[in-house]
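You will see two complexes here that share chain A, one where it goes with chain B and one where it goes with chain C.
On to the complex of A and B.
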């Protein structure tokens, strides 16, 4: 501690150590938050189901997505990434997921929303060919909570009981 | 900076940083603002650096007063002379 440089070095290292400690503490406080997110997704209109020229099936939906994810936000939350996936089973794969819509929620005020939108990303059964007719599927809302410091956290909510039509239309 | 000053500077640095960290964390948590925590802590680090890094006069109140060279010449160290002669004797004996 006898020179300017040594004192500057000491304060830099000690202050950064403490910064790490308070950031860990901030991350730790997230454990006290018990989130109770609510979400509801409805297919307000089934637009069409078509066979593409290359043999893959493609569907188009209009979705009603309403969610209240405000309880996911704490003082240590940077943003929440939320996406809606259609999930279904085929003989080949136990779980197929197709992302239909997503959104980055950057603040608590924007975490409560209700929108009506046709699928943002195309609902195509890409690798397996004509597999979508008469297929039962779930719409699952996934969310990834991105904290300012600490571990990412992900959860989901599944809405079951959707079925694609038996015929192209 | 003298010895006492160095001790004081180090102590002040540790106390200030820990105190600012506690205040920053509590205020940030209370306001629910991570940014407030970081700003308060950054301010605290800056202030602590200003207080403890420069060589302020307050850290130089306990200067060691060395004897003047003339004083040393007038009173040579007796032990030093004795040990020197004994060393010489031992070498001669061998």
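On to the complex of A and C.
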């Protein structure tokens, strides 16, 4: 006869196996979702460009961000982390990415939004620099889909053709 | 006496067999766990292919007790990635998101700044004194997958009990419940004290999830 321990063990093993299979299936179904997110970012106002006391340039922008990320949500999506980064190249650096704003979207209803906000994180050219004057930069909206279980997804949308002013102001 | 010995002999032969089977199956479990771990290390290229989230600094994305799977690819690090990093002089690795990247033209060397999604400010307060950026060698892995709750097994195994703490400078008694092992292990001095010991806070250092968690330096009163 099977003892209580053996039965408990069999049940635990079986249920854990089923759970693992369901988790991987749930994560796998994410692959069938073909999202078509829309986003638009505009610099509605350029506030200022200054040189800090330590020599680094700092800029301040007011941004208009509107996006529809509802198609990113599936039944396995816990949240979408969305952030806007300024990306530019300098003589010394091949890439500079500076996060200006971010937001955690916890449900599909909240994934369509339009806001006007000045940069939440400081736009400072570091660590070596005063390279922001007249600098061309992209604004890239990144989104990271965090699942209830399984694999994480990330994608982005770049908006090009922004330029910082030639003089401090 | 004779029947006792007979009984004992017969059960002993049975037991030896049973014990042996159990020992073999235990060894099988341990070795298969080791095989999976080493195999994952090979595939992912990361020294620690899976970590347990210990603090709430990435909530609601990652909660305490969730498990993250890490890889360590050669691709350059980009903003938005969730990385696990180790600060010099700190034992516990931290899981946070990259918010700034500066990559050199010539060497490809990177300067990285991180922040917990649930924290108010960036991680400069957590870094070593005077450190402004994370370098490549601080980063142990980059998260690509996620499994909820499973890590609770290890958290429960290492959980520390409630400790009473007396703050001498402000003359009041606070009860500090050491919720996370991250905090407990940052307090090696505290684990030496038995439960309920009165200790004075000598120094407070903001840690992983400022301003809610802090490292306290203690002395016995």
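Observations, loosely collected:
Keep this in mind: the second predicted complex is superposed on the first by the 168 of 169 C-alpha atoms of A that agree within 3 Å, B and C clash if a C-alpha of one lies under 4 Å from a C-alpha of the other, contacts with A are read in each partner's own complex, and residues count from 1 in each chain.
Going forward, contacts are C-beta pairs under 8 Å (C-beta built on N, C-alpha and C of every residue); 3 or more make two chains touch, one makes a residue touch a chain.
For clarity, every value in this text was computed on a predicted model and none was experimentally measured.
Taken together through their common chain A, the two structures put chain B and chain C side by side without a clash. Residue contacts after overlaying the shared chain place A:60 against neither chain B nor chain C. Judged by the touch definition given at the top, the superposed model places A:94 against chain C, while chain B stays out of reach.
Contact with chain C, but none with chain B, is seen for A:126 once the two complexes are overlaid on the shared chain. In the superposition on chain A, A:11 makes contact with chain B only, while chain C stays out of contact range. Of the two partner chains, chain C is the only one that A:106 touches; chain B does not reach it.
Using the contact criterion defined above for the overlaid structures, shared-chain residue A:47 touches neither chain B nor chain C, since it reaches no partner. By the document's definition of touching, both partners, chain B and chain C, reach A:148.
Contacts of A:75 after superposition on the shared chain: chain B is touched, whereas chain C is not. Remark: in the superposition on chain A the angle formed at chain A by the CA centres of chain B and chain C amounts to 50 degrees, rounded in steps of 10. Touching more residues of chain A than its counterpart among chain B and chain C is C. Taking every C-alpha of chain B against every C-alpha of chain C after the fit on chain A, the minimum distance is 12 Å. Residues 148 of chain A are contacted both by chain B in one complex and by chain C in the other.
Taken in their complex, chain B has these residues touching chain A: 1, 6-7, 9-10, 13-14, 17-18, 21, 24-25, 28-29, 31-34, 37, 41, 45, 48-49, 52-55. Residues 23, 27, 78-79, 81, 83, 85, 91-99, 102, 104, 106, 121, 126-127, 142, 144, 146-152, 154, 156 of chain A are the ones that touch chain C when the two sit in their complex.
Contact residues on chain C toward chain A in their complex (touch as defined above): 60-62, 76, 78-82, 97, 99-105, 108, 111, 117, 122, 132-133, 143-148. Residue ranges of chain A in contact with chain B, taken from their complex: 1-2, 4, 7-8, 10-11, 14-15, 18-19, 21-22, 25-26, 29, 74-76, 148.
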